[in-house]
Amino acid sequence: MRAKTAILIAALAAVHLTLLCAGFIAPYDPATQNRELPYAPPTHLHFHDASGWHLRPFVYRWNIADDGYVEDKSHSFPVHLIVKGSSYKFLGIFETTCHLFGVDPPASIAVFGADGFGRDEFSRVIYGGQISVAAGIAATMIALLAGALFGMIAGYYGSWTDQSLMAGTELFLSLPWLYFLLGVRAFLPLHLSPVRTFFLLTCVIGLVGWARPARLVRGIVLSARTRNHVLAARSFGASDLHVIREHIMPEVLGVLMTQATLLIPRYIAAEVTLSFFGLGVNEPVASWGNMLSALQQYSVLVSYAWLLTPAVALVITSVIYALLADVVQSRLEFSQPGN
Amino acid sequence: MANSFPTTELNHAYVRVQGLSKGYVCGGRWCRRVPTAAASEIDFEICAGKTLALVGASGSGKSTVARCVTRLERPDAGQIWLDGQDIAQLRRRDLVSVRPKIQMIFQDAVTSINPRFSAAEAIEEPLRIQGKSRSERRSIAEAAMQEVALPPAGLDRSVMEFSGGQRQRLAIARALTTRPKLLVLDEAFSGLDLSTQAQIANLLLDLQAAHALTYLLISHDLALVSNMADTVAVMAYGRIVEHGGTQQIVTDPKHEETRKLLSSAKAAQSQLARRAGASA
Amino acid sequence: MRYLGRTLLHAILLLAGVSILCFLFTEMAPGSFFDELRLNPQVSPETISALRSRYGLDQPLIVRYGRWVRSAARADFGYSIAYNAPVAPLLWGRAKNTLLLTTTGMLLTWLISVSLGVWLAARRGRMLDQAFRIASSFVISIPEVVIAVALLAIVVRWRLLPMSAGPLNGEGISFWNHLRDLAIRMLLPVTILVFVESAIIVRHVRASVLEVLGTPFVQAAHSFGISRARVLFRFVLPAAASPAIALFGFSLAGLVSGSLLIEVVCGWPGLGPLILEATLSRDFYLVIGGIMLSALFMVGGNLIADVMLLAADPRIRTGALDAR
Amino acid sequence: MDRSTENLLRIQGLGVTYSQPNGESLRALDEISLQLRSGEVLGILGESGCGKSTLAHAIIGLLPRHAKTDSGEILFHDRDLLRLSETDLRQIRGCGISMIPQEPELSLNPVMPVGAQIAEVLRAHLPLTSKERRQRVTDLLWEVGFDQPARICNVYPHQLSGGQRQRIVIAQAIACEPAVLIADEPTSKLDGPLRSEIADLLSGLRQKRATAILVISHDLALMTELADRVAVMYSGRIVELGTRREMFLRPFHPYTHALLQLAQSSLITVPGAKQRFPQIEGEPANVVALQAGCRFEPRCPERMSMCVTHSPQEVAPEPSRSVSCFKYGE
């Protein structure tokens, strides 16, 4: 069990780290277009050519031939590590132009090929990841904060506040979340600056999802108040604050932890779904959703399989989170005998 | 109405309850709001260092009285004199000075201590509330563990590693940390094995002798109580139907309820006594 | 019967709440349908304000809500700006297709999930059970949109199914051909829906059956020599039915949202594409109508769940325990 | 220790081991040997954690998944239950041997009328028509003390009290006239008057049907009312076995002696002021991992040096009595 958790946390850290320093890892700026090479397939790495084996891998340029792309074997371009490239703000703090790897122009290296406008898919997946995962996490924070707050209030003050808040949760729970998401998004103006869209998007997804955590937290607060060890604490003269800090918060935090690991992947998927429909982050900003929306046309779907990479990235992140959720769930149950 | 309680000299009694009544209103969304009188017109007195046993079938209101005396609940009417002070209608702020004097031991030892705590955290909880320093708390906790015959080394073990009987000892240790004068034992024995029951009972007797503690012992097992209590009050349907010295109650019970409790406890054991009587 | 009356009242209140919620959101939202019109120079501001007043968009919220409720009573559910027609008939045509898809999807999902869940619970801990647990946790963690796109890619890549969009009307051809054509077109969306939903529900069914298997009365039944099969069907399943049915209402939310997504991806002419289009074109009343209809599906589903619960669990029938 | 009269149930050297999640193995039962003759009531007396419930479940063959019987045999009508196939074992359960479970309130199917649940047991064993079955159920309900059996048939468990549910479970257990009835803690959850009613019901069964009853309980008083012979168990071993009258008069094993002292000391007839209970020192040793020596040694007032190293063998100082303690050894 311990080893499994370590691997999972390491994997999660790796994913978030790559997304965090997207600028450094991505060879190109996600927005630079390369009109002559639309839908270029992934560049092939070669170690062997006429003059034998080379330690340093090299690539060829793509030439457009009548039946698709052909490698121009005339001139080889070695791949270098730590290369000067387009300038970007590393972690949004300081300006730099160094990238992890790259090829000197005019050749270009597209690990996952290029999209319709010739933009490098690999860079876009990483930058897009920043948006989607950040949206997922922010929305989860909002949902959990609102849920915990309302849950505590409903559980603690009871009677009419409890009734009204619970009616609210039932209202939200009985709505199919996607319809409601669409509805709410419809009432927001369509063309917004990316930052405002991102902010509105996370609020919308978060606000739709607060019902379930609220109900869970309320359950805990209600059951905690009747437990003997809380009664005992009261009999020593414990103040409300003491009871909350020592008896209720640990349990609530435990539940919020499990909810977080469950909700983050679902909310990333929600952002992706919205952008997929063109209601989330719009072009030209890269997000997993709007990159996948290109696949709505069958022709694109059939011939350019590498455009599915954002889906693969999404799956990897979700699977890591899901496995983490199982581990956290079992750890929580272990530390808490059947109450 | 129960005949009036033989009043010993006023100041000698550590705890005196007069005309205590408490009713619950069955709330909830669906059933009508029916007020049920859980306890009415309760009068009793416990002298310092003595033990009063409150006995009755389940649902006779014993626990309600216990919760009122420890002020976990506010009684509807009546006075509760504790060490010369009426705490029945005190507000929460004024109760703070009274709280350390009364402690309650619950029936289900397993749930009366937070399973996430270690033994030390559990015992030191009352001290944390009173704001004592860390070293002070630790020394008091170790002394308390000693008193309930648990290894002080066990302080850092998680509460879940202790057995039912040991957890009840932890609860008693926790209660002792605030130097209480009155201990309310709400069915502290039922659910334990015979041998563990005996150990806890002996521990309580020793503690009473050592610290001159006053006990309000609540139980439905008349046989067990007869060995520990000085006076017994029998409750039925929220009222005290009979009270008196243990000896007097056991030998010639007057009220029907007392006889019923006695007979069920006695019938099973009379054969044992007859057969074992010859060899004891 | 009082129980049913209570749930019905509950449902109506819920629907009213949903409509109020939607209107609140319209109030919150800064933009409106006519924002786009403002951008293009030919349209003068006066015409825009005239259009707004014609559709009553500049009225205060209360008046608009009152007018909407009146039109809802007339079964129009407000007036769609884009289609320039009452919302209800527009919605109803599409709703039938969605209903067709969701109900078939639901029935199939529950059929598969219950049998698989019970079968796996009976084989707890065996190889297959472990394998399924890993597979289902994998499928659950993949977002629906990815699964839909992936399955679509597979189908399109190997030409498994003829893909065709357009309405489902089958006036011209005979009933059987229409049915066959319908079945082929429905195959892909239903498979995706069932694939996604059953992964979740199998786990829940398995969990509730396992929970009942652990209870003392099943142990007692075995100790009285009742055969394993009989214990499973006469003792375990009826007892596990009520938690499973309680879950039914919950899973409906996922099903309805899922169907919207899949309809859009597979081009199934249901409620989904219409609502999406309305959202893109910011056609309020159509969107609100759509949300209300989806909420209606949900509330209807929950109502059915309550009725089934009443049949399955005598404790509710005798009013002892509101075991919802 | 074989007996001349026909032995209904013979358990010889039974051993059960639990494999703990952390890898340790726990010896729940260690070399248990018992005999039960038809019409006899044998009491298994022991405190919680001594493995008496494990014994009940081992006999009926319903041990939990992580427990296994690794030694000994259980002969019922000279057929070893441990070697029987699942189908043969199922024939015996409920018909040859049936068990009254420990928690009667939870042992009834909440969504099925109680009459039908009793009929299920009949259906599993006896070829009766549904009319005969219904009649049989009403007789059973009458026998366990319900005065309107017809009404009770279609009632659901949650509409009955704890005591009534216990009677329904007893009706299920005696439905097919089993030769052996195992009662696991029949009175532990009940208080006062209800306890004596159930005890009378069990002793009534014994006279009317000559069913052999195995009463498992820590309630010494119940033993005195019901048991002909009593076996005292301590952490997985039988420390003493004998007829109840002689054993309660002259207990051999120190643990039995201590238990009797405890039970008598809380008697009401002992007048006078408060007095300490003759308690047994130390913690009730739950079934610890395998270790040599007598398991009661840490708490035994009369322990000797050899008690630590060797575990005592069973010895019969008197006819129809046996004890495992070095005091009575060679």
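As written, the chain order gives the labels A, B, C and D, with residue 1 at the start of each chain.
To be clear about the criterion, a contact is a pair of C-beta atoms (placed from the backbone, for glycine too) under 8 Å apart; a residue touches a chain by one contact, two chains touch by 3 or more.
Keep in mind the model is a prediction, meaning the values are calculated, not measured.
Taking B-D and A-B together, the chain pair joined by more C-beta contacts is B-D.
In this assembly, the C-alpha centroid of subunit C lies 54 Å from the C-alpha centroid of subunit D. In this assembly, the C-alpha centroid of subunit B lies 33 Å from the C-alpha centroid of subunit D. With chains as nodes and touching pairs as edges, the resulting graph is a single ring in which every chain has exactly two contacts.
Here, these are the chain pairs in contact: A-B, A-C, B-D, C-D.
By the touch rule above, subunit D contacts subunit B in their complex via residues 47-48, 191-193, 195-196, 199, 218-222, 224-225, 245, 248-250, 258-260, 262-280, 283-284, 286. Interface of subunit A with subunit B (complex): residues 227-229, 231-239, 242, 246-247, 250, 335-337, 339.
Looking at the complex, you find that subunit C touches subunit A at residues 14, 17-18, 21-22, 25-26, 28-31, 35-36, 137-138, 140-146, 149-150, 152-153, 156-157, 163, 250, 252-254, 256-258, 260-261, 264-265, 275-276, 278-280, 282-284, 287-288, 290-291, 294-295, 297-299, 302. Listed in rising order, the residues of subunit C touching subunit D in the complex are 125, 215-217, 219-227, 230, 234-235, 238-239, 241-242, 312-315, 318, 320-321. Across the complex, subunit A is touched by residues 70, 72, 95-96, 99-100, 102-104, 106, 108, 111-116, 125-126, 128-130, 160, 171, 174, 178 of subunit B.
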